[in-house]
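Okay, here's the structure, questions in a sec.
Should a chain be cited, it is by its letter among A, B, C, D, E and F, assigned in written order, with residues numbered from 1 in that chain.
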Amino acid sequence: MSSERYERGSRMLTAVDGPAGVAVVEGLAKSFPDFARYVLEFPFGDIYARKGLGLRERELATVAALCALGHASSQLRVHVHAALHVGCKPEEVVEVVMQMAVYAGFPAALNGLSVVREVFAESGIQLPLA
Amino acid sequence: MSSERYERGSRMLTAVDGPAGVAVVEGLAKSFPDFARYVLEFPFGDIYARKGLGLRERELATVAALCALGHASSQLRVHVHAALHVGCKPEEVVEVVMQMAVYAGFPAALNGLSVVREVFAESGIQLPLA
Amino acid sequence: MSSERYERGSRMLTAVDGPAGVAVVEGLAKSFPDFARYVLEFPFGDIYARKGLGLRERELATVAALCALGHASSQLRVHVHAALHVGCKPEEVVEVVMQMAVYAGFPAALNGLSVVREVFAESGIQLPLA
Amino acid sequence: MSSERYERGSRMLTAVDGPAGVAVVEGLAKSFPDFARYVLEFPFGDIYARKGLGLRERELATVAALCALGHASSQLRVHVHAALHVGCKPEEVVEVVMQMAVYAGFPAALNGLSVVREVFAESGIQLPLA
Amino acid sequence: MSSERYERGSRMLTAVDGPAGVAVVEGLAKSFPDFARYVLEFPFGDIYARKGLGLRERELATVAALCALGHASSQLRVHVHAALHVGCKPEEVVEVVMQMAVYAGFPAALNGLSVVREVFAESGIQLPLA
Amino acid sequence: MSSERYERGSRMLTAVDGPAGVAVVEGLAKSFPDFARYVLEFPFGDIYARKGLGLRERELATVAALCALGHASSQLRVHVHAALHVGCKPEEVVEVVMQMAVYAGFPAALNGLSVVREVFAESGIQLPLA
């Protein structure tokens, strides 16, 4: 019934996060298939597929929000990876996370930087940035 | 002692939000002068003044975070205004706030859109966007 | 394209909250028509329309979550009204909100009870409950 | 002095979560005996013992709140178990957690589903639900 | 049944916040008498009545927490008043709230300072502090 | 340029948390040197160095806030240690964390007590306190 949104969401997820994102949703689908479908349909099929904001900006906004929320380190990990995948520079990601110290406090920013460090290590990005 | 950071922060605040932002900090300074100084020095003099991320991206990240946090509607109002002031398109601001429904839930996004509507009305931006 | 979900969401919103809920979404649609459509499609067309949990239980869970989050008093107001509309007893709504003192602290529960008091007054429900 | 509330709380905790809940509180009591006593007296002796809301509804409301809060995964684990123990169907628990995507965002719901998956595995409940 | 805790809680509330606190709880009792009783019994009768931490330190900790949470401005107002009532210096209260910028972000601290300014105005405390 | 604040912050961090705190910031500096500098300059060089509130009160307020926020267990660990280091009695730290059950809910307090138990074990402080 919603196959068009689902297909568009699958394409957007691949565009945003590559095979890593698809693997996360496929893992979810083994236990919670309806929810995995919603993840593709609403966030990716509806929201990320919208015009009016570039994918780079979308990912920087998502990194900001996930870091500020504080309870979403798994999802922050996915989206730090995704931010790099859509072409954000490592420096831009670090800047957004550091900026969260202002709005959500130093603990949220410090926890965000821990996630950044792990994803950068997996991605072969050396810290400190030159 | 910290006059260089203070001066840089004042210039950044003016760049980011124009006279409106300066007025907010001057109001604060009447009751809490030290804290008003910190606002200029750390967020604006240290963070916003950094290279490595454009002001447009900084403001979109801030709008995302303030919307997601849920308890910062006054500051969201300032930064929706600031986002427009640094050149974000109205459409980009609306997209970021709508995207927060995914990460922080529909209530946070709905409350964010209420703030957007008020700032846009004050700024003569007609809704719905064409 | 998504007219089936939209129609189902409209029916669910009416079932859940009656004309009051429809009025809220119509007000939203004047400024943010796409987001108003998402509100009907995803929360109401996808989630509330699911089998497996009764509407009374859905509304009590929503009241619990909105009270606990603390930043969603407008939405809590809508869903206290909705809880009564789908057949929750006033006593059940009060019990859920009081229970939030345990999980989210007394301030969240106290703010939730303020919302309950306002909605009950509008609905002609006398406090204290007998 | 408060032995009546304490005894009532012990009985309620056993009713709500069986030996698992009692074991958690006894573990707490080894380090923080006063706080363990408060846990029995206020949440269980005062709140859960109240009439006016069924235990099934209380547990669904608690699962909703703990999932939405985002920082309470240990307690969510206890109450997913408790929800099953008081007779909630696995499907009802999954529905409440999925519904939190609407109110607290997809990350909170995804983290909640991870907890559900673990508790269901320990309880021999197969996913996906038929 | 719990009259001893209730009486102790009443005395503690009066010690902590004077007639203003009692008036808040009496207002609550008109609509939600059981919850008003819990407020006296658990926070005040159990927790505030404990030895091991002075009332001044308890109030500074409460001001810190309510400011950091962000959704509790009504309760923050009560406890800024209470902090002054139990002998905290105005300067100490301002310091705690400013310190929250570090842990919960500048918006939480700024909103906390707005509350401080209102309570100080009602209490005849002039800002800026000399 | 900011060497005075940096030096003052280093001295304050050592006063507050001893070599443990310095080690944390030095670890951070390896990956994010600018952010490590901000941590010394703003929280410690600006805020903790202020007169008007004792270090013991500052640490109790920080423990309260970090426990209430719920997403800052690493930082709570540092500041439970710091609270002991600046002379707070173990009993005072436990009292503040238990008090958070009132304002942020039992899960936040329970998670805070888990951190307290770990830090106390490392510090040779026996629980339950006599």
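Simple rule for what comes next: a contact is a pair of C-beta atoms (placed from the backbone, for glycine too) under 8 Å apart; a residue touches a chain by one contact, two chains touch by 3 or more.
Predicted, not measured: the structure shown is a model, and the values here were computed from it.
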item	value
Labels of chains that are neighbours to chain B and to chain D	A, C, E, F
Interface numbering overlap (same over half, different under half) for chain B and chain E	different
Maximum centroid distance from chain D, chain identifier (CA atoms)	B
Selected pair, greater C-beta contact count between A-F and A-C	A-F
Geometric centre distance via CA averages, chain F-chain D, whole Å	30
CA centroid of chain E to CA centroid of chain F, Å	22
Junction residues of chain C - those touching two or more other chains	34, 38, 42-43, 50, 66, 68-72, 75, 94, 98, 100-108
Sites on chain E touched by chain F in the complex	42-43, 47-48, 50, 52-53, 57-58, 60-69, 72, 75, 89, 91-92, 94-96, 98-104
Contacting residues of chain E [partner chain A, same complex]	68, 100-108
Residues on chain A engaged by chain C in the complex (per definition of touch)	1-2, 4-5, 34, 38, 41-42, 46, 50
Contact footprint of chain A on chain D as seen in their complex	69-71, 94, 98, 101, 105-111, 113, 117, 127-128
Touch list for chain E against partner chain C, complex	28, 30-35, 38-39, 43, 66, 69-72, 74-75
